[in-house]
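A, B, C and D label the chains in the order they appear, each numbered from 1.
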Amino acid sequence: MADKIQTPIDVRYQETDQMGVVYHANYLVWFEIGRTHLIKHLGFDYAEMEKRGIVSPVVNAHISFKKPIRYGENVHVETWLKAYDGIRSVYAYDIINKDGEVAVSGETEHVIVKKDSFRPLSLRKAFPEWHHTYSMQVKE
Amino acid sequence: MADKIQTPIDVRYQETDQMGVVYHANYLVWFEIGRTHLIKHLGFDYAEMEKRGIVSPVVNAHISFKKPIRYGENVHVETWLKAYDGIRSVYAYDIINKDGEVAVSGETEHVIVKKDSFRPLSLRKAFPEWHHTYSMQVKE
Amino acid sequence: MADKIQTPIDVRYQETDQMGVVYHANYLVWFEIGRTHLIKHLGFDYAEMEKRGIVSPVVNAHISFKKPIRYGENVHVETWLKAYDGIRSVYAYDIINKDGEVAVSGETEHVIVKKDSFRPLSLRKAFPEWHHTYSMQVKE
Amino acid sequence: MADKIQTPIDVRYQETDQMGVVYHANYLVWFEIGRTHLIKHLGFDYAEMEKRGIVSPVVNAHISFKKPIRYGENVHVETWLKAYDGIRSVYAYDIINKDGEVAVSGETEHVIVKKDSFRPLSLRKAFPEWHHTYSMQVKE
């Protein structure tokens, strides 16, 4: 069963736009904050992966914007691993607003690649422990 | 038939991340630059809409990242109106890299709402000329 | 005597650039996080000020970059009120890196203005309690 | 005599904040756009410098905010080399608004360092042609 973790977000003034709400692209940044937290919670460290010359770019992202979020609001992001097949990891996210409603939801799909060439690698082969934990997360 | 317009993008150093490529959330910003250009090309002005107290938030976004883009690269975004029904407008985007390949593609879906309440409005009723032009763009 | 408060900062991946370090403009955003925290610590709420139609733009900023900061590093910002004369408030900041060194220091000078016209106001007259507290902070 | 070059800036919606104006940290990004343009105008290429493992971080920045800039406004940045001593380069900037007024002015001071160690280098020794051109720019 997938762990679902909660990460509080302090809305930054810089993240608002003249519509008076958080600018939509920033939710991808919040997703990343949740994702980093989930990875740490599962016992891994993304910064360490990069020190080995491997990065994990996003290959697909979907975002659904349901309600605006404003500066000064208390929000958090809930993050979990939705799918994993040894190559691709799909993370899912709900951003919960001050009234407990899902304001934004989304998914991002990631692979791992060598930093210098962007040649794809298998997470299973490159990081066997990571693979094991992720496989357990998405098991029924 | 939908007009497809090209907008050159100067990749900003600030848009790169330590992976050495453009940070993924920035493509939503580039989509917006293409969208603003398309709207102007079709004869309208988004800044004027806002002066009337109406804003046009994104309700859904999808992005597919195919190839990384680097600082110093010559790129442009192609933008067109993919769907429109009087309420919702769906814009589509291709970001073309220095080799003429589609590096990133995506779609964003928009409505219009009153800025103070975020209550939805019909584009058809609020901006009849805009409605007319958009209807023509998506006609077979 | 001025209160000096500490605010932890989680370095965001998005804040790095291809130099492999935090992009320099982001430190102004971190300064703002510290400033917001200090204002709350002193008993005020910047979001409330804005609800009254008053905003507090920066009129001058100075930043000194001493050491790069990297993703994954534990840092915090120290913030205090350095000067105040009833009209202008000068906040000072030190960003402390993982080794306890000052990595970045800076100052920002602020006034308050009406949001619609950007006409300047006196903090003393518009917010007497705020004025009183700030005056005490900068007293010898 | 220093060349002063003009670079048009398209104000991005993403650069506004809920004050309804351009968020102050973005002016450092615009300064960089002007600086990159000036460097190219003088016959050099910053991206090429980085390919040789050398980067040019900001060590000091000062910004003076005189008038707000809004979305949809036609602005440009004027950039010139203000000082250079073989080690440090000081660039100066004026951001000119739609009425021809200086809305923002500033300076940034740069050195060059090795990307992997951030150990300082002399521009004179590492890039003699660059040194020659910069020396001519700041000559009386």
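We adopt the following convention: a residue touches a chain if its C-beta (ideal position, glycine included) is under 8 Å from a C-beta of that chain, and two chains touch if they have at least 3 such contacts.
Predicted model, so just to flag it, every value in this text is computed and none were measured.
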| item | value |
| --- | --- |
| Chain whose mean Cα position lies farthest from chain B | C |
| Of B-D and C-D, whichever chain pair has more C-beta contact pairs | C-D |
| Whole-Å gap between the CA centroids of chain C and chain D | 24 |
| Gap in Å, rounded to a whole number, between the CA centres of chain D and chain A | 34 |
| Inter-chain centre distance, chain B versus chain D - centres from mean C-alpha coordinates, in Å | 29 |
| Chain A residues counted as touching two or more neighbouring chains | 13-14, 18-21, 25, 29, 71 |
| Footprint of chain A on chain D - complex, ascending | 13-14, 16-21, 23, 25, 71 |
| Chain B-facing residues of chain D, complex | 10, 12-14, 29, 32-33, 36, 45-47, 71-72 |
| Interface residues, chain A side, partner chain B - complex | 18-21, 24-26, 28-29, 50, 55, 57-68, 115, 118 |
